[in-house]
Amino acid sequence: MITTDTLVEFFLETREHTEALCEPLEIEDYVVQPIIDVSPPKWHLGHTTWFFEEFILKVFDKNYTIYDDDFSFVFNSYYESVGKRVIRADRGNLSRPSVKKVYAYRHYVTRAMNQLLSSDSNEDLLRILEIGIHHEKQHQELLLTDIKYILGNNPLLPKYADFFKEFDQEPQRTEWISIDEGIYEIGHNSSEFCFDNELGRHKVYLQDFEISNTLVTNEEYLAFIKADGYERFDLWHAEGWDWVQKNNINAPLYWHEIDGKWYNYILSGLSEIEIKAPVTHISYFEAFAFAQFKNCRLPTEFEWEAAQRHFSWGQRWEWTESAYLPYPDYKKADGALGEYNGKFMVNQKVLRGSSVATPTKHTRPTYRNFFQTHLRWQFTGIRLAK
Amino acid sequence: MITTDTLVEFFLETREHTEALCEPLEIEDYVVQPIIDVSPPKWHLGHTTWFFEEFILKVFDKNYTIYDDDFSFVFNSYYESVGKRVIRADRGNLSRPSVKKVYAYRHYVTRAMNQLLSSDSNEDLLRILEIGIHHEKQHQELLLTDIKYILGNNPLLPKYADFFKEFDQEPQRTEWISIDEGIYEIGHNSSEFCFDNELGRHKVYLQDFEISNTLVTNEEYLAFIKADGYERFDLWHAEGWDWVQKNNINAPLYWHEIDGKWYNYILSGLSEIEIKAPVTHISYFEAFAFAQFKNCRLPTEFEWEAAQRHFSWGQRWEWTESAYLPYPDYKKADGALGEYNGKFMVNQKVLRGSSVATPTKHTRPTYRNFFQTHLRWQFTGIRLAK
Amino acid sequence: MITTDTLVEFFLETREHTEALCEPLEIEDYVVQPIIDVSPPKWHLGHTTWFFEEFILKVFDKNYTIYDDDFSFVFNSYYESVGKRVIRADRGNLSRPSVKKVYAYRHYVTRAMNQLLSSDSNEDLLRILEIGIHHEKQHQELLLTDIKYILGNNPLLPKYADFFKEFDQEPQRTEWISIDEGIYEIGHNSSEFCFDNELGRHKVYLQDFEISNTLVTNEEYLAFIKADGYERFDLWHAEGWDWVQKNNINAPLYWHEIDGKWYNYILSGLSEIEIKAPVTHISYFEAFAFAQFKNCRLPTEFEWEAAQRHFSWGQRWEWTESAYLPYPDYKKADGALGEYNGKFMVNQKVLRGSSVATPTKHTRPTYRNFFQTHLRWQFTGIRLAK
Amino acid sequence: MITTDTLVEFFLETREHTEALCEPLEIEDYVVQPIIDVSPPKWHLGHTTWFFEEFILKVFDKNYTIYDDDFSFVFNSYYESVGKRVIRADRGNLSRPSVKKVYAYRHYVTRAMNQLLSSDSNEDLLRILEIGIHHEKQHQELLLTDIKYILGNNPLLPKYADFFKEFDQEPQRTEWISIDEGIYEIGHNSSEFCFDNELGRHKVYLQDFEISNTLVTNEEYLAFIKADGYERFDLWHAEGWDWVQKNNINAPLYWHEIDGKWYNYILSGLSEIEIKAPVTHISYFEAFAFAQFKNCRLPTEFEWEAAQRHFSWGQRWEWTESAYLPYPDYKKADGALGEYNGKFMVNQKVLRGSSVATPTKHTRPTYRNFFQTHLRWQFTGIRLAK
């Protein structure tokens, strides 16, 4: 079991890192919400803070004074009524509270937490603290991908920062890893932290399969585009084909064809496609169609977990063929914390691994990420199986 | 292997049965399409006919004369352009071809098929014939449920026919069947006909589970309604809850509360809820929320298949927790026939069993039906597991 | 004042004519509603009948037995709840009551009216009778244009009938008629029937203007198309331009370009554009843009009324620049009949004249028709002013 | 004719005033766009600046260096493509250019204009300068009403400033002013500035009418609410009734019922309704329904112009019954400036007068404002006629 001191340090480090991610932003960048799936950065700052206030300070700290009563509905995941003043508003329409005020709120709560933790090491508190830290780490990844969308969707295409590398690995030669038919154990298996959706370690039976040791590259994906992959309906799910038609999709998100050459917006600005980098910002629909094109398929999440120690991962979240479903004996937590995972277990796909935007200490071989099949703003990628 | 003669008889019987199902209809009933998921009866009559014309007569009968060139786009699953006259129209907006003309088309094709089959017993032909027959049988079930929607959505609530019983079984005492942990074989396993999505028999590992020998009844479902099941967001998936709110769902489809008493529209007209009958016309979202309410869950399709010989089934299509995904080594057929199943394998749930509307000789323990999670117009039902 | 006998004859003749218009239809054609603005023919048959039942038979005939209680909501302009069975449905989704039943309803009401009129000549009754007859005549025109839409929107493009001529006049040489500045009287001015929106004869002051003695022809409109009229945003209202873009409009409704030649669907089937015929099935937006293209404008309804005796009209309803507004001292009738006109007096344009589809005895120089600016399914046309 | 010096002073004063209006804002308030009709304040700052750059500096100043090439599409009324990088975005999704940069752009252009004007007094330039100044004044009013929407739509209901009074007049006793039937002259009639839609002075014939000397008050409007005015469909246009139903409208914009008492958001914060103040933030639909409720009507714009010298106005923009249409002989200007007014002359209503948000020197008795019938975010009001 992790010690209180380590956890406190982990907490403070996490709080600081969130703010460091925002350092390159202008105040205006904190406010907008270009699409429903993206949240304004200041909302992430406030929401991760509200989590500690709501589930720890209000519960465990008798002397705690709530920072601002109105903030509980502004930074809850769903906006609710203000007393009798029922006003609903999308997150991106809210200019107030100001960024300055949100930072004041953050610092107020961080200080109160620090104080509380120096005197209380209640086990329940520590358990929720650990969830709160990992909750904030999840939002760090979203924060970065939401910032990318906010800037990458702006016609001026402003850069975020030069220091962030979306790809910096040596390309590897592609090989197929063979895994034998048989029974495999799936699910979390240690005393380390994990989310509830990884629990319930259980056996699955896998057939023989092969899985690639590398991710699909931009070069391979360009070949798919050039072979009219976006025009061949036989490669797509019916729902994927509708999505392509309706949204005029013809390349990954952030790709722009300029004078016959392909560019993409990355966090350091608009630049030419790097052909050896793993393709990213593709939907499940595109990942599936690409696999069909190669006469391959996507691995299931069980195959991925069974095989993962044979290849390196962590550059791109990897789409799997598995639907996001509960493991046997999955039980959701009581109360509001129970809303965390279970209620999303329908019509989503599991992604495995992690990405260049994932903060440190926030992934493991059993981690289950999940998104709807059309979403592209995360650093998603493709690993083939057959 | 089934003989040619048996198949011809099976073919003719199927063709006749489709028309028998339409016998109680007025001409007007053949035409309308109240929601996108429902097709007009005359479209079913034409589309099942077009299948034989397109995939058998045009291919195997050199002397065949196409009935009407325009019908190939009217009765294809997707309307395409008429030469340069590009006109798109929803099925329910088409008054022509008339019902009389559609029957003439049916009879023309049935006769041509009969003639061809008396002289040709090519194996490829027989294989596609069998698919065509089962394709028509699938449409027979849809025809009946679409008719129910067309009449049950009409404010006059006209009856379809007295002879059709939606429920006629003796109620059974509910018991839990226990199934042991272990390896089970899943998938089609005989020389009988099946669809391609059942093929690829393979092993799965199941944990210990229990499954009910009976379907959930209207009485049990009424208890869920009375306990505010439709108002308790904690019982629902987030997407299910949105669906409930947006559509003001508060009971199964076809249920009407009149002066404090519950009625439902059944094919013999509006009548009081039969409390011992299995609940039907509920979405996956509702099936899931009901299971949560009972502290149970829905079985997976593998659990269902492994346990099915221990209980009787066939009254209601049973929602499972399984997403509709390909079995290992699933390969879709070449050409247009390949569009049959594979392209729907995303964001749908598997249903197992069959319903009172399923035609004879059209189900088996490995049959995989599938629908989107919000759909209710089929005779769906709930079997609990834990 | 019109005599009772004449009115009864007028009534019977009108009832018969409505049915004669439907004579070429298949039963299926009576049912569908391809767009919201079009009503199914059987609804027109029922609704015009309901008017006499609701406003005359129920009020003036003590012995009258209502044909079917349910029909009052099916054939009212807006569907309402059925007792506690609240079911809403679009008109085009209703297969019942059947066409046969609707005709039975018509004949039942016509007979009851005939009987009542032979014994009662109450002045109020006669006033409402006259409104009811003209109400049915309005629906005759809609019936014909709705039939045209139902058939002309069907990819098979079935003909309605050969006897109906959309254009049969000798082309005239175009001349400009000059009208002097001054005070003109506008509005209905006789003891003949008119609708309430024509009443309140009043003075308007007109500036000098010129108006064409002919309608714009297909030939002139083709020149507009060829001169890229649909691509020049400077010719259009902002709202019209949005409408063109969103709906990919590039020609009048029912026009099809096939192998470089323009055809249009008319009631006798698909045929080549007749270049000397007046252009029709254009929206106000198109009429306005065409006028801009010619450096002209559309006349106001007052200019039209002041000038109309100098030219022949009656082929096409003519779009005017005037918004549909109440005349000074306009008062709407009490009760349900008051809903007839006044509630539509916003965001619509006035059309003057009448069309080839207008029944006899149903227009006059003061008649004010009105439609929303994007609608095209009526026989609309363009007369220029400057 | 206005002198160059006066115009330059007028120009500088106008530029400063726009910035003064923004003084109470936080940077975040400059960015958001809660509804399509509202523009972010920074867009107003940029767009009014772009007007001078585009139509004056680029045309008349040979030495002018464009501030930033990208700004021409960001601050044009419609976003267009960036070279080959075609990206479309709603105004409220753009965090860049930053507020600081937009101010730098403003000051750069103001300085360049000042310099140009000290050396050039070309008549064309001065004519466009005057349009540009009045264009900016129009945007000052929009800026203030957009700010009100941005803050008044925020659940925290932050105040804008205490200094701005939405109402500060002595209530007057209501009297009916009688105007005689006859010919009146309408339209602009001096050498002072006006917009092109006021030109073409012409005669109209008015019938006898009476018009109120006061605006409808909150007290009178509350009586309408209490008398179920929002539930009585007979008071409304059909389109207005749909709007009420669909949007659950039951009071003017910014009104909130809290514990049985009515409050409204005004620029100094949430406060109780002031019953003697003129009602505001009502749509044309509401103004019309209220007039019906009082057995009165709204005046036409011609009646208003003929009567206006008999009453005081300037608190609220007053909805008229007149549709926004061109005056006789209206000609729109050539080129881009011609897009200013003419293209909006359909499906909008004229408002006359001005409001508390109208800047000084920016209205006159012939000024024609116009909005769509459902809009409420301007300081609109009601004056009755009969």
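Chains: A, B, C and D, in written order; residue numbering restarts at 1 for each.
Going forward, a residue touches a chain if its C-beta (ideal position, glycine included) is under 8 Å from a C-beta of that chain, and two chains touch if they have at least 3 such contacts.
Because the structure is a prediction, the values reported are computed rather than measured.
Listed here as common contacts of chain B and chain D: A, C. In this structure, the chain pairs A-B and B-C differ in their number of contacting C-beta pairs, and the larger number is found at B-C. Look at where the CA atoms of chain B average out and do the same for chain C: the two points lie 44 Å apart. Rounded to a whole number, the gap between the C-alpha centres of chain A and chain B is 37 angstrom.
None of the residues of chain C touches two or more other chains. By the definition of touch given earlier, these chain pairs are in contact: A-B, A-D, B-C, C-D. Those residues of chain A lying in contact with chain D across their complex are 26-34, 70, 73-74, 79, 82-85, 87, 89-90, 92-99, 150-151, 153-158, 256-259, 270. By the touch criterion stated above, chain A contacts chain B in their complex at residues 183, 202-205, 207, 209, 234, 236-241, 284-285, 288, 297, 321-323, 325-326, 328-329, 338-339, 343-347, 373.
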